[in-house]
Amino acid sequence: MTNHLGDIQNSKCIFIIGANPAVAHPVGMVHILRAKELGAKIIVVDPYFSRTASKADMFARIRPGTDIAFMYGMIRHIIKNDLYDKEYVKNRVYGFEETAKEAEQYTPEVVENITGVPANQLIEITNMMARAKPATLIYNQGLTQHSVGTGNTRQTVILQLLLGNIGKPGGGCNILRGHDNVQGASDMSNLAHSLPGYYGLAEGAWKYFCSNWKVDYAWMQSRFKSPDLLHKNGFSVATWRFGVLEEQNAKNNAGTMIRGMMNIGSGLSSISLTDTTKKAMEKLELCVIVDPYFNDMGAIADMKNNLFMLPAASQIETSGTVTATNRGTQWRNKVVEPMYECKTDHEILFQLAKKLGYYDELVRAMGDGKGGFTWPEDATREYTQAIRSIGLQGITPERLKAQSENWHMFDPKTLKGSGPFKNEFYSLPWPCWSEKHPGTPVMYDDSIPVSQGGMGFRVRWTPKTPDGTSLLSEVELKGTKSGAKGHDHITAANVEEITGIKLSDEEKEKVKGKSWSTDTSNILVEKAMQAGLCPYGNGKARTVVWEWVDKVPKHREPLHSPRPDLIAQYPTYKDKDNHYRANIKYESRQNEKVWAKEYPMQLLTGRYVEHLGTGTESRSSIYLAELAPEPLLDIHPDKGHDLGLRDGDMVWIYGTTGLRIKVKCKFSTRVAYDTASMPYTYSGIYQGESILGRYPKGLAPYAVGEGSNTIISYGFDIVTTTPETKCTLCRIEKA
Amino acid sequence: MKKIVILSLVFGLAMVGAFAADSQIWGEMRIPNILSYGQEQSLKLGALFTMLQNHYFGKIFLAILVLVPLVFFVHYKVIGPKVFSHEGKKVYAFDMFNRVVHQIAAISFIVIVPTGFVIVFGDFFGGGTFVRLCKNLHGIFTIPFAIVVIPMFVMWVKDMFLHWDDIKWLMIVGGYLSKVKNPVPAGKFNAGQKTWYWLATLGGVLMIVTGAMMYFLDFKIEMLNNITGLSQIDLLRVSAILHNVVGFAVVALFFVHIYMSIFAIKGAIHSILTGYKEEEEVKILHSSWYRKLKEQGKV
Amino acid sequence: MSEALNARGLNRRKFLKMTAIAGVAGATSALGADESKVLRPANAQELKEKYPNSKKVRTICTYCSVGCGIEAEVVNGVWVRQEPATDHPISLGGHCCKGADMIDRVRGEKRLRYPMERVNGEWKRISWDDAFTKIGNKMKTLREKYGPDSMMFLGSSKVSGEQSYYIRKFAAMFGTNNIDTIARI
Amino acid sequence: MTPNTSMRFYCDESRCIDCHGCEVACKEAHHLPVGVNRRRVITLNEGVIGQESYLSIACQHCSDAPCEQVCPVDCFYIRADGIVLHDKDKCIGCGYCLYACPFGAPQFPRQGVFGSKGAMDKCTYCAGGPEDTHSEKEYQLYGQNRIAEGKVPACAAMCSTKALLAGDATSVSKIITERVLRRGSGRGASESAMWNAAYK
């Protein structure tokens, strides 16, 4: 989120596309409802009439996978009717012309044809959204899980940039993230393409982290099969399965197949192609699953040997930080000691590292460097002091604990503290540049000084585009003393020039060769703030990404499109080899056959408020299981009658994976005639057969059912390999 | 007979099993229930039941409990019982089957009716274990009655149809208002007995059904909802109202039946124990039957 | 209402001991029932805690990314009651059904209790030592035989920031970038 | 005594999002058996665009409590603060309170082999029962007595959107009135909307 939940109350219009906060973030929903009470309009664009939609002033039913076209329709209308914030665009946005040019073709009629949203409704929504100042945009997995997922998310930002809503209280682009610490896991970059803090995998990043970890870069290189592998993306959570199953990918993976897998608390059945995961796991020579509950993949995959289940302590049995969707970090206190024989996740890692011979290196950065450390405080300090790219250095365990003990001193709407905390925002949303910095509840707000949480857009890529245009902002940050308007990010080389502050020799020595994100003395950051400047620069947001296939977002039909007639005009990407080490099909899959002929229905997936992720935890709770004991397929009554169904009948759903699942249907007008919807959060039944026998005695969850991911269609995002779970075709028959 | 008993028990248990399925009253069925609240198309059965139960049911039961015996007491004192010779010849009226069936029903009633009163006046007894026990007995002793109610219906139904005599009988209130032993127009069963018969069998079945519904509460028979067009909670409310209203009649006539057999006609109870009625009693109180028996030469 | 009171003469003593209510959801008037049947705020003496000696631990719900606060009452190391953290700035005590059920972590019966290994299709209980030795040896063998890239590590969005950082570090030091998490999707 | 000092629940339909937080909060607080739902969220007009809404329902602690009127063993009692409670030791499980209740609040756990119903269970407004406050027996039969601790009922305290309000009628209607005024339109917080009376 660029803003935070309480800030939504400042909004005059809330545009929710591909998100269902009423179900996924019930406590976040209250802020949306409070905003509504204060007069904000709520617009929900979704293929599914969700519980969130029931609270909306306007609901538009969109065809899945057409969000880019829809938002281009809005952008075109905004530009044609001069509804965009010209001053803002001029000062802070690069690439307006390209966006306007691309938007040209998306007339309301074209958009209606692509998305299914009536032209007049599009116009009404656009007017509602564009005339409200500020307006916020909320999205979620409904936008990200597409082959064009990155395009979708870029498009939301472009829309908000044109309306001048980014960097304003009550505005912003707000993704509501999923799990409790999913933001933290991203920030720590448990990601195949980056080291912690999004530093990437380049040599500089590795060297920076090696120095943080107090190990030699050469030693680190020696750990890898060859030094060049340090800089190559690994397999992602979606593509690793192809590294087990498809020989062709070995050449992308240092000449080997994946033979072992260690899964520390990841819900794998929440990813599409469950059957592929199952087959991959069955081929593994070693599979270790660390989980407080019995991870359902341990039963779905019928592994006879080589499967270890290690009982992890849950997060209430250990202390540590947790980063919420608003980038805010909270201290989570241990409530009880680990139950039964459970061990904490770090303890398990440490024990294994001992066996593998690198325990000393692993913990060297904590405490005295010789294994004498206090968990988690030393680890907290280690990571916050290392991750400066997003400004975690101001976060300390002491500050977080003090906030936790005094959380009543913070205002729910602004997160601003009072009394001893009057210079802090609750949970110190990053960037929190120093121990004196209050945190940043609203990002990119250039109307307040950096020292109070203000900032411009980051000069991330380069201060100049390839064609020589400046990417620096045209407006100065509030409180700037040096007179610099837009400026490059602060490095040892340019700090004196940009800030106009002279560094002492001692300081110069400390920051030599460093930039704001690698300077652990924090001098560069302090100097920037002293001058009222933002450490990472003050640039323009770019709507054009010249390195990518789609320089501006483009509508592309999903791989399995219900509108084969549109494929020729809006084809998907070319097949992509070595995409997170796997060869991924796009075009060849889309053109394999006319999928829509065989599979005429679209399947939407979501979840129930009772269950999260794979439901491994929540389905093991007796009360939650009682509330949502089984998955139900929402199907339109008319469609149901056409298929010869009665409400409550069991049906087979056939997917483009060639597999089928069996669920109970429920007649509901939440879905359109040609769509059906079901939750993905179940397991325990696989292709109509119970697999409860594979659970250890007494550990099968209370609520069992068939999960949708078995039949979710193939398809991955072009940049991130996020599975395309939201555009699935299927066929439904009475069981 | 044994078979029937076993079958009924099995049936009963199976029913319990079926009822143990999902409950509707607390689920979606509550939606129509709440929607109808305070709305015009509502049957307002909840309000009706509350009003009746709060103000009338207890009072009416109390009235029956007090007034009916009081009337009989006065009758007994003023007009007195009919006394027939127990020394004379006897007429064989009820065979073994009749008697067994009747006795089972009788025992059931002897438990059901007083326990019913205990439930109605539960507050008088202070609730708790005793009343709960009575509630359970009330239910359990329905089982024997449920078993015999159909045989009872079948064995006597041919004698129970309305007859010209019954009108005449009713005109003179069965002759109970006079001390004179004039022959009273009646067949094997007089109009009073017939009324009791119909009430005990048909009314009894209704009591069983409504009682069972209330007892099992969250049973799941969609058919019932479809046939009646009522939501389950309203079905329960109707059951409660019917159970009470029919209960008034059953209890009142049950008292009459006991009074007649024990007090009003001295020794009449022996006929259902032994099967034999006094010839004089038959001659006077069942004159038409007596004539018929005579014609057939059975007396 | 007073009618209702009088009618229950038998129980009067019993229900009069019901004390009071205070500070209700912004509704401030606190009520108690006493002999005079006049409602008044309960005083501190009349209010008594169920777990007067409990330790109150402030923690955060582990389900979704909203980050709702929880106040856990702990007696002798046992979590006895989950209290709403009504003064938490994000949730104000609010919870969805999952958050309200957090205490099920310690009450539920479905937790994994000890390490298990699947041997010939059967689940076998093993000791931690055995588990670490077996897993460690196997990982070593794979690393030596096929190279570190023969392992895939999957992190979690459910572990703490520190643990998450250490998972990334663990994989890097194992020698591979084959580390990813559900945070990607 | 004025009537609006009595304790009330109010569920703001425009806030309730069917998250079931109140239900589970109640169940965990009182450790209820599966199948006994003192509180339940219902959906009205499901899937009808523009009309769908949700409502959290439990015992509304009516002033004219129909359950109390119909109970044959008089196991109900109404506290001076309007909370309707009952004595499980007295209750015979007859079900009359359920027939009378417009909200379906009374619950009957299945007990004996013949499907007989145990003592009725319903929302206590987290005020326990007639047993000694905080006694083991009170907890077993009725759950927590949060009122005696000066705490809000668990359901309302944990309501995710603060749709469910608990408190004395005056304060609750004040909150609702404020919300309605802010919204500028919609339903006011009339006495009947507060479920002041069940059958009127």
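We just call them A, B, C and D in the order they show up, numbering each chain from 1.
Simple rule for what comes next: contacts are C-beta pairs under 8 Å (C-beta built on N, C-alpha and C of every residue); 3 or more make two chains touch, one makes a residue touch a chain.
In this text the structure is predicted, and so the values were computed from the model without any measurement.
**Q** Where the centre of all protein Cα atoms falls, which chain's Cα centre is nearest to that point?
**A** When every chain is reduced to its C-alpha mean, the one closest to the whole-protein mean is C.
**Q** Which chain pair shows the largest tally of C-beta contacts?
**A** Per chain pair, the contact count peaks at A-C.
**Q** Rounded to the nearest whole Å, what is the centre-to-centre distance of chain A and chain B, using the mean of the C-alpha atoms as each centre?
**A** So the centroids are 71 Å from each other.
**Q** Take the average of all CA coordinates in chain B, do the same for chain C, and state the distance between these two points in whole angstrom.
**A** So the centre of chain B lies 58 Å away from the centre of chain C.
**Q** Any idea how many Å lie between the Cα centroids of chain A and chain C?
**A** 24
**Q** Averaging only over C-alpha atoms, locate the centres of chain A and chain D and give their separation in whole Å.
**A** From the centre of chain A to the centre of chain D is 40 Å.
**Q** Got the chain D residues that touch at least 2 other chains?
**A** 19-21, 23-24, 28, 35, 74, 87, 160-162, in rising order.
**Q** Where in chain C do residues touch two or more other chains at once?
**A** Answer for chain C, listing residues that touch two or more other chains: 91-92, 94-99, 101, 104.
**Q** Mark out which residues of chain B touch at least two other chains, giving numbers and ranges.
**A** 126
**Q** Can you identify all of the chain pairs that touch?
**A** So, checking each combination of chains, I get A-C, A-D, B-D, C-D as the touching pairs.
**Q** Mind pulling up the chain D residues that touch chain C in the complex?
**A** 1, 3, 5-7, 19-25, 28-29, 63, 65, 68, 74, 77-83, 85, 87, 127-128, 130, 132-134, 144-145, 147-152, 154, 156-162, 165-168, 170-172, 174-175
**Q** Which residues of chain D touch chain B in their complex?
**A** 35, 37, 40, 42-44, 55, 57, 66, 69-75, 87, 89-96, 98-104, 107-108, 110, 112-117, 198-200
**Q** Please name which positions on chain A make contact with chain D in the complex.
**A** 22-23, 26-27, 29-30, 33, 36-39, 49, 51-55, 59, 609-610, 622-624, 626-627, 668-670
**Q** Give every residue of chain B touching chain D within the complex, in rising order.
**A** 12, 16, 19-20, 23, 25-26, 28, 30-31, 33-35, 37-38, 44, 46-47, 49-51, 53-54, 58, 119-123, 125-128, 131-132, 135-136, 139-140, 214-218, 233, 236-237, 240
**Q** Okay, in this complex, where on chain C does chain D touch?
**A** Counting only chain C, the residues touching chain D are 1-2, 4-5, 7-8, 11, 14-15, 17-34, 37-39, 42, 47-50, 81-84, 86, 91-101, 103-104.
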